[in-house]
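Next, two complexes with subunit A in common: one pairs it with subunit B, the other with subunit C.
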Partner chain A sequence: MIPGGIKARKSHYKIAGETRRIKIMRALSRKSWVHGAAKLVINHMEKRGGKPYQIDAIRCFADDFRHAYLKQKPCIFTSAFVPNELIYGLGGVPFLPEAASGFAASFGFARESLTACESLWYSPDLCSFHRAGVGASVLEFAPKPAAVVVSSHLCDGGKRSLFQISQYHDCPFYILDVPYTCSAQSLDRLGKQLEKVARSLEQEVPGLSGKYMDEAFADSNAARNYYLDLCKLRTNAPSPWRGSEALNYVVLFLWSWGSPWLPKFYQSLRDHAEDVIQSGDYPVPNEQFRLAWLNLRPYYSPKLFSYLEDTCQVSIAFEEFSYMYWDPLDSGDPYISLAKKIMANPGWGPIERRLEVIGKITRGFSIDGVVQFAQWGCRQYNGAASILSDYLRKKGIPFLNLDGDGVDIRNSGEAQSLTRLGAFRELLESRRIKNLR
Partner chain B sequence: MKAGSYVVGIDVGSSATKGVLLLDGQLLSVFMLPTGTDLNATAGECIQNLLRTEGLTENDLSYTVSTGYGRAQVKVSDRTITEITCHGRGARALAPRAGLVIDIGGQDSKVIRLDEDGMVADFVMNDKCAAGTGRFLEVMAERLGTSLLDFGRMWKEARKPANISSTCTVFAESEVISLLSKGMEPSAIIRGLCDAVADRLLGMVHRVGVIPDVVMTGGVSKNRGVRLSLEKKLSQKVIVPDLSQCAGAYGAAIIGHELVMRRQQH
Partner chain C sequence: MVYLSCSYIPYEIPLAAGMPATRGIFEGPLPTMEGYLPRDFCPYARAFIRQYGDKDMVAIAESCDAMRRAYDVLSYWNLAGAVYFVDVPRTYDPEAVSFYAEELKGFASKLSDSGTAPRDEFSERLTVAINGMNQIRKELSCVFDLASKRQLSAVKATQLAINVNQLLACFPSAEDPLDPLDPGPSHTHNLAPGMFDALIEQIERMIGQALSESSPFSQDRDRISVGISGTCLLDLSLIECIENAGLDVVFVDSCIPLRTYDFVVDSKTTCDPFYMLAEAYLRKAPCPRMFQGKERIWRLYELASDYGVRGLIYFAPKFCDQAYYDFIEIRHGLRSLGRLPVLLLEGQYGMGRTGQVLTRVEAFREMLEGTQILKAGK
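Then we have the complex of A and B:
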């Protein structure tokens, strides 16, 4: 826990971006009748024949949001790669400002959050997922955190922006200092940190207690089993699940491990994929090429993906962020188990670990080409573009580094992105024709 | 009218719309006009001009392929293909040993590496802004009160290039004004501008790899100053074919012709 620090300017500066619709949404999000009405709407959607996995996913988030906004459970802000079994296990609900930025972008609410963040002197050079997260937090469009837990690995901007959020809301801030290399000693060190954070959260945040840890671990492991079944089904060609949708559900993959809703969601999704394969009713029926997608996606631009999937008949067969990288959790040794999960992230440590996973994805999912979405301001992935390009070139797999921004529409040119994706498809086609000769 | 298969390739770029008419794969005529606000109408006008020159009507056309940023707007098009593939094919047809194509258009630039068969092996595009593209050069020429056609001559006249640090159209314009006010020769400024454009392209070129022959296409290929700067920076001759500005439309027409041939074979 870091005491003190620079207090965010709550009173000196007027925050921009506080539009009428933000004020309305902020007020509505804290009304219990709104959450009650949301429940009814979800039930209605279910009765009207909505896809079960979509209903389960909405329920999963609706449940967390209700607990967080109505303060029914302590809301703990976490960065993207913190194992949230820790938060669910303590009886809290996690809230990931970075992932919530994706939501905001897809519903058209990112602009205000970005403006709010920039009005507080944040550089537009900072990754927009963080900027929108900070903005939503200072606009109090996001729920109020009881504490903030971040990890030091992968994303550098995350820990700094979340520290500012903790200062703004005057709540405890914890940082998990993740060792670079994995050894018994480093696991022990990280495990002890996790235990210390858990103990401190129990003391600092009323309502948190470790008595739910076994339950959270069991839910996480059950979800993991269904998820692995789903991954196996996704090796099928044509792909049984639309990749653009899978990229939306990456948010759930980052957020909900340990949630009681997650096993049900992945079970429904697995069943859905099975049904699609059995019925032959594939989302990209004339699938011509299969892509692996690295990093996230632009969440405001459905046109890009309808062009890719419907016009070009190219499937995103699998996403780097959907890769299951950890072993089942052991509730008998919870903190070491969570430490192992953190350390197993292929994006952390030497680049060879990430390349190995990309290699496994390209082989396992019969991938024709790899697209890396080069998120503006994302140091850890953009920095590896040349290594990645060389690695894939040696393997004879075409690679496209697609510049863009997942949240900030001002940083992308849609026409250019369409041209690049179209040209990449043409490149794959000419290679196929050549190989057939 | 000669019997055979007539194919049109049309490249709707941000500044100019180019059209190429082929008869059985052989170049028949070329037409070019500024791209207006109605992209489909401009493309239609271009096609009508090509047909009129040869005494043809739309019914005589076997196939039309559109490319360029306005490709999807061309209603008469049978197929749309990206300008990356079209410039690659067009450049190889215009310069048979082309290995690397540098295409600088009105609002973007692309570097395309071709394989031994003339197919696109790899490509990169500039980022979203128009820095270092045709529009950038137009604005600078306007500010300097000169014509783009004079860039080559003035480049050669310059004893030393001015140091232009930005290819952002707005910032570079300020730099140019500042240099003019300090009494800097316009020729030195022009050479500096051409060097700045070439510097920006250099990173893209090396990302895909320099494979001779290096061929330049797009509207800026007609700018001798940029070509000279590129040759100097690459230590490599840069070939600019006669129809370099129409390489995209030519490539589109060639692909259209191949598709017609394939259709006939089947």
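Then we have the complex of A and C:
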């Protein structure tokens, strides 16, 4: 028996949220023919003229999910800001429960996961991305992890929820204790921890070996180059790519660095953006204003974005979570290189680092206004709202702190959000008129 | 004055630098400062947001997301003379201890305003401060021991710990009157051996007074003993409420008092005092922010077994993520180890004064009494 584990609960009671459709999906996700059929569907989509980048993205996830659910490769659960080059480099597949929660919400499975989680005493005041991740693990809707690796920086809920998932599955748990300030000593400490975790994973998890590290680093660097090209293209006005779609693909940005599919995806996406600019077939053709979007989005409903993009003709030109913040990785010194990547995250360290990035985004993408999606329970990002508001006000850029919940529809006031976005659009318009005068 | 935000930041460093230090204990967030942090934020982090004096320093630890944002707010809006971030590791191993020792040296350099590594002379003063604080911790450990034996109420024991914290706010100032209610202006002094003596005498007097004033506590041996755990016990109202509901609180596993004072720093070895300090603070009873496996569960189980506790009351400050997650581990852990019932209470400052909480605690007491009767019947 594991003290503190949630296993005891499981053995005595039926878990809340374990509905018939969850049971069906759980069973299907572990059938090899389902994954085979998914491959056929993707091929069919390709023949029917699906957008190449969308097909590459599906392939990227389908590949990882097949390996994880069918146990073809060791599945390592990681928190959102662990560099997954480490996992791909060891020959495993990463799985990010908090990012997968976005998937669950968009496919309508979040409710069951949240119910399961709350029945185990998790407070509804916690971030729903983490709650849904725990719920999916408890319902065994998510694959079974061979180990769990988290980083201590940014988000408290991520590391603690994953610790509890590791207890539930009785698998090894590793924490990267990330120093707050970047110095040679900090990098050395973090680099040593990364090396120790890699060595330990190789020993503890059968099937993991560091021989793929060079390959993963090369894929990551190649993807990075394509991605930087894409970012340059996204500075174009009107925007060549829908921000609402870009916010969906943030999950790839968090998940797939080191995957062989990622360079293909970003290459296809870059080509797509180039084609859009050449053809002039912009997704928001009469772009009136350009927004920068901070934090994530509600994944269960597209209404907010169709209102913004289609009705108001307002583009989300760039997202904070899509900002490329690290230098190319060096396979000659892999652990220090990964340590640098972790520590370069602008959300870590003093707030000035985040402000600097937001400043770069507003300048580089000709931003008219900034919206922060204030995810319920996100102390990491919401806590800076007063500072962001002041910083942007001094720069003359309007700021909207839009309360909502990315996964839990019960915390969402969609009509209220639409009203606030509409008012924000009016504010941008009145400022433009004022400036013209 | 140096305001400390966390039990992992040693008092010894500011004291060795000749600056009075106090753990930030407040009566709640100030209404005038409400706009700086969102309402759905930990009340302790929100209470930390206030206008400090120009000569005051606020030392914020890397405790949680909320305290990091409190640091950002204090520093961005210049709400204190200086704001310093103390990077406390979340793990306890030799590398973490070495790292934290360096971090503490940085803190000492900042306080001594030299910007360079502390010199030997500072290390000597640090050893004096460690010895002094060890004596203070020893005195307070005796107080907690009395509370565990039900010879002193937990409210009084905790109040004594808070008073000692206020005394440290006027220290080092052996020649000045030590009035806990009026810490006086910020000033620095050179710390010398013997300077703690007056303070310790004062603490001993305070303890003696508290013991003599206290009516014989809990003569009724049938009263049920409970423990309190959580991240940060915001104020005394909860302990008062539990005692008023007819339960005896025999330990309070919170930043204040137990986790701040219930340990000793080894000062006898010839090791670097910063290393010894880092080692002792990281090794002390772990807080929910630490990743030390099952240590917290085992420790609470041991405390419960040693003191004959029949139930645990877990207090989570509203919107404290660390407490929300920790509670789940503690609840399941204690159930699997010894079937110890755990009551979760969640709230803000002054929550112990609400009827709703009193009703819940009374219901918990009735449940524990029922279990006791059932066991006796068998």
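Methods note: the second predicted complex is superposed on the first by the 425 of 437 C-alpha atoms of A that agree within 3 Å, B and C clash if a C-alpha of one lies under 4 Å from a C-alpha of the other, contacts with A are read in each partner's own complex, and residues count from 1 in each chain.
Note that a residue touches a chain if its C-beta (ideal position, glycine included) is under 8 Å from a C-beta of that chain, and two chains touch if they have at least 3 such contacts.
The structure displayed is predicted, hence computed values, not measured ones.
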item: Which of subunit B and subunit C A:20 touches, first, second, both or neither; value: neither
item: Which of subunit B and subunit C A:411 touches, first, second, both or neither; value: first
item: Touched partner set for A:350, first subunit B, second subunit C, both or neither; value: second
item: Partner chain(s) touched by A:48 [first = subunit B, second = subunit C, both, neither]; value: neither
item: Subunit A residues touched by each partner, larger count belonging to subunit B or subunit C; value: C
item: First (subunit B), second (subunit C), both or neither touched by A:394; value: neither
item: Shared subunit A surface residues [contacts with subunit B and with subunit C]; value: 386
item: List of subunit A residues in touch with subunit B within their complex; value: 386, 398, 401, 403, 411-413, 415-416, 419-420, 422-423, 426-427, 430-431, 434
item: Residues of subunit B that touch subunit A when the two form their complex; value: 69, 81-85, 108, 115, 117, 119-125, 127-128, 207
item: Subunit C residues within the subunit A interface of the complex; value: 35-38, 40-42, 62, 64-66, 68-73, 75-77, 85, 87, 89-91, 95-96, 99, 102, 291, 294, 297-298, 301, 316, 318-319, 321-322, 324-337, 344, 346
item: Residues of subunit A defined as touching subunit C within the complex; value: 1-6, 8-9, 120-123, 125-127, 152, 154-157, 159-161, 163-164, 167, 175, 177, 179-181, 185-186, 189, 192-193, 350-351, 374, 376-377, 379-380, 382-387, 390
